[in-house]
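Look for chain A in each of the two complexes below; its partner is chain B in the first and chain C in the second.
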Partner chain A sequence: MGRDAGRLSLILLLAPFALWIGLLILLPQIGIGYVSLREKVGFNRYEYGFGNYAAFFGEPIYRNTLLRTAWISVLVTVLALILGFPVAYYIAKMARERSRAALFLMCLIPLWVSDLVRAYGWIVLLRETGVISTTLVSMGLIAEPVEMLYNDVTVVIGLVYTVILFMIVPLVSTLQGMDDALLEAGYNLGGSRFTVFRRIVVPYAMPGIVSGCIITFMLAAGSYLTPILLGGKNSSWFTEQIYNQFITRYNWEAGATFGVLLLGFTSLVVWAGLKLTGQSLATTVAKE
Partner chain B sequence: MRTPAHLLWIYRAYVLIFFLYLVAPLVAAGAFAFNDSLFPSLPWQGFTLAWFFSPVEPKLGLFHDERLLRGLGNSVHNGLIVAALSVAAGTANAFLFVRKDFPFKALLYILMVVPLVIPGVILGISILVFASMIANFADQEFGLFLTWLRPGIPLVVLGQFSFLTTITSLVIAARLQKFDVALEEAALNLGASGLRVLMTITFPFLLPALFSAFVVAFLVSFENFNTTLMLVGSDAPLTVTMYDRMVKVGSTPVLNAVSVVLMLGSGLLALLSVVVQRERSPSS
Partner chain C sequence: MYDLSCASITKKFGAFTAVSDVSLDIPSGSFFSILGPSGCGKTTLMRMIAGFETPTSGDIRLKGRSVVKVPPNKRAVKMVFQHLALFPMMNVGENIAYGLRCRGDAKADIPRKVARVLERVGLPGVETKQIAQLSGGQKQRIAIARCMVLEPDVLLLDEPLGALDLKLREHMKIELKQLQHQFETTFLYITHDQSEALVMSDAVAVMNAGRFEQIGTPRELYDSPISGFVAGFVGDSNCLTGRLAEVRGEQASIDLDGGGTVVGRLSDASRPGDAVEVFLRPEALTITTSETNATLAGTVDSMLFNGANSRILVRLANSQLIEIADPSAATSVRQGDAVALTWQPDRARIFAGRAA
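Here is the complex of A and B:
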């Protein structure tokens, strides 16, 4: 009886999992793959082939949007790592016990605020009639109000802002596990501050760096609000193209093609990152 | 090796500037909700609560703005449903992966984590496409009109559920892993039925995790934009309503008022979940 009950409970527990992953993740992904392979040739008549992909790579605007999204996402990831690492190190290693928890919580606060509110905050700060421009004028530092929105620098600043917490949190939790004796040993053996950092701290923090970079990159490449609100109409962001094809132009075949390409591209980057550093997806993402 | 004092001060200054960078846009979004002006910008015209409570144009307050209120209602409604569903599914997944052994477990575990690394826009369009395929098929073959498979609240709920279940599963599984199975065995030996053990021993132990998974799921659902935008019908939740307003009308301080309400709401909920975690589990 025990075995039968075990089997039954296994099936009962497996059923919701299978329904969830099957109906909401796997089949829909196969669905967009399928739609991306078909071309409308008439009313309810379709032909199948790689025409949509050929059209994508034949059109420089689309190609460049993907490249641009990729390159800005990589830049954002690198910046988030460079800017976030000192903060994470400070929280994990330099701050006193009491302030550590407070600082960590402070890091998490913006995490709970919607992307929309954060982007809106940047708009209030940066636009031509915004806080920074007005303040600079009234201080006499600049003669006329300047528009700081709608350029690439602002998009990068906004994106780094949106994703940097996802870099800091895994870094803090990895660095907290590091024994200070390791550092002392490094110094005692005559290592300079830089050598100790490069040979001890960075290798130790590697799992955190990898998971932070993966999550950050995914979020940046898949982001929609920040590039559009801060970059304006001509931000040419890839998710914006997907939205336009699907909702504005109602061209689902092209939209699905773009979706498959974005998913393929981000998966490729994540896979390469994991392979290069010898980490696995389950341990990297599921740690939080 | 001692760090020289001036380097330490530079370091501290950097961390301080970083935190200013973190709070600056939030303060800006919040503060101008209380400025007595038609635009969310300087100069400061004096303190007002009109953008929350004023019943008349041109400063129609948030609590008298019907579309924003309807959006708020939709968001709460969706959030509660999605949170309940994803906590239920997450609990099942936690028991499945912590307690059971079955073939391809490692592979299935990776599948469980995968929704977190699929961009939200893609989750949205793929569910939209798949649902439409089924709806079209049902329409053509059987003449059935499955309106719930067209953009609208049911699809938004399914879309958010698809990635929130991963989060709730991970939160609940982490707690379940700390549970000492000997406690259950002891209760079973003392003659308790399986169901009784689950309700009196295992479930109370899991409660804090269930609660915080619910809160997290509710908050993320409330704030979600990317997946929701692709699946939304005529009943737009608050984030989509606010975005529409921003794009079509431009920024008015009522949006700052919405931001304040969102920040206060999610701040309180997050705090509540932290407190409950602390109180219920002093040991862990």
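Here is the complex of A and C:
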């Protein structure tokens, strides 16, 4: 009786998870994979094969867009880590108990606004007739208004701003678990600030660093609005290519192929990153 | 030559004085304890010696050299933390090698030094074990080895036995003492557990409310405390309150609050009429059933059997409970018996009453 009830509750608890994974993740992936393998040869006539993939690798602009997307995403991830780590360290270790929650909340507030509005905020600041440009002109520092939108630097800034929170949150939670005595022991045994940071803080925070990097990289590589709005037509972001194939050119087969390739390639980058730093996915969840 | 001396150290946090005008000198190679209740400032004092806090005034000298301006990572003082603070992401060997690498020892020497210190703490060959694989006592020894490999002038220990279970704690007390003998290094041990301090130390400083009440050997503290706080905190004591009635030389008689008069040895400058406390060690009391020479009367409330530490609880006329360790009486009295308690007046210590 009790065992049956236990089993029933397990099934009931797992059902939403199974439905979610099955219907919203596995099924669409299978569908996309299936579509990517077919080629339209005539009205309602399809052939199956790797023709779409061959077409991708045959066209340098597609390849380069994917590589560029991955490279900028890596850059965004590294910048988010460099900028996010001190913030997370301050919140977790140096801020007082009372201000900690407030600081954390201040990091979260931008997330309450949609990506679109946040990107638009940058546009208001950076465009030719925007706040920064007009201010500089009125102060007499520059002669003519400058266009600060539509270049790679702006895209990187915008992306770092969008994703940095997802770096800070896991870092704060791992760093909060660190006993201050570990740092004091590090100094007491003769370590300099740098040694303590390199040999104690970073290894301890590694699970947070790894999970933060994976999340930010995946978010950056898969983002659409920020690169399009801030980078303009020539942002050459890979998600833009996917959108073009699906919507503008109505070429679902090519779009699906690109989707599969983006997932495959970003996963490959994450795997390579884990290998290079000698970490495993397990370290992101298992502590000690 | 003192390994460590502190000269009138004071530490204030805002308006709160955590450590007030504390001085101590620890001779080379001794086991020195600071004993006090939690919040008495002993941890703050230790953190100042380690360099994590800066004294508001006063001087700290290591082997005669002032270290107040020396940063914590440059002091020849190593510390065993309360929860040990072993680095969980390093194995045992790396934990011990950490300090050697920070000091810049030759790479080739490090494994040999690590192996030797592990041998000295009785855990040879555990270099590749993870910290989580060690037992509580082993972690303790690794934490000590990690400090001792650097050959510090003074080793600080901040209640390191607090997290262990009772049996292991008893065992580690003896082991710590032996390790200290073996390394011949000065140990400064901080604890709130009087039995740890008494068993291990060559000298003990009893600390209360930021000040040292008394510094002395364990025996001095136990047999001739200089204040009511020390008498009550070090070892077991029965405390009776009353008013000083009459002083004759060193001896005095006291009218107890609940009625009755006792005699004891006046140990401070209290005057007749002052509120005082009388401290009686359980082993100083003898139970008699005859009324002769009686000083206090009561009834046996209960017998607490604990092997050699057995106690008899006697309820006095004023309903206060008194603990007695009188092995010869343990078999002859029963619960409910009317008994009388006697003691040599010298072993009852009288101090001014504490405002509490």
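In this text, the second predicted complex is superposed on the first by the 248 of 288 C-alpha atoms of A that agree within 3 Å, B and C clash if a C-alpha of one lies under 4 Å from a C-alpha of the other, contacts with A are read in each partner's own complex, and residues count from 1 in each chain.
Rule of thumb we're sticking to: a residue touches a chain if its C-beta (ideal position, glycine included) is under 8 Å from a C-beta of that chain, and two chains touch if they have at least 3 such contacts.
Remember, predicted model here, so these are calculated numbers, not experimental data.
Clash-free side-by-side placement of chain B and chain C is the outcome of superposition onto chain A.
In the superposed model, chain B and chain C sit 90 degrees apart as seen from the Cα centre of chain A, a figure rounded to the nearest 10. In the superposition on chain A, A:179 makes contact with chain C only, not with chain B.
Comparing chain B with chain C, the partner in contact with more residues of chain A is B. In the overlay built on the shared chain, the residue A:204 is in contact with chain C alone; chain B does not reach it.
In the superposed model, A:166 lies in contact with neither chain B nor chain C. Using the contact criterion defined above for the overlaid structures, shared-chain residue A:187 touches chain B and also reaches chain C.
Residue contacts after overlaying the shared chain place A:16 against chain B, while chain C stays out of touching range.
Of the two partner chains, chain C is the only one that A:195 touches; chain B does not reach it.
When the shared chain is aligned, no partner comes close enough to touch A:85: not chain B, not chain C. After the two structures are overlaid on chain A, the closest C-alpha atoms of chain B and chain C sit 6 Å apart.
In the superposition on chain A, chain A positions 187, 288 are in contact with chain B in one complex as well as with chain C in the other. Within the complex, the chain B residues that touch chain A are 1, 11-12, 14-15, 18-19, 21-29, 32, 39-43, 88-89, 92-93, 95-96, 100, 102, 106, 108-123, 125-130, 133, 158, 161-162, 165, 170, 219, 222-223, 225-226, 229-230, 239, 242-243, 246, 251, 255-256, 259, 262-263, 266-267, 269-270, 274.
Chain C meets chain A in the complex at residues 50-52, 71-74, 77-79, 81-83, 85-90, 98-99, 102-103, 132, 146-147, 150.
Per the touch definition, chain A reaches chain C in the complex via residues 179, 181-182, 184-192, 195, 199-200, 203-204, 206, 288. Chain contact summary for the complex, chain A toward chain B: residues 9-10, 12-14, 16-17, 20-21, 23-29, 31-32, 35, 83, 86-87, 90, 94, 103, 105-110, 112-118, 120-125, 127, 129-131, 134-135, 138, 161, 187, 193, 214-215, 218, 221-225, 229, 239, 242-243, 246-247, 252, 255-256, 259, 262-263, 266-267, 270, 281-282, 285-286, 288.
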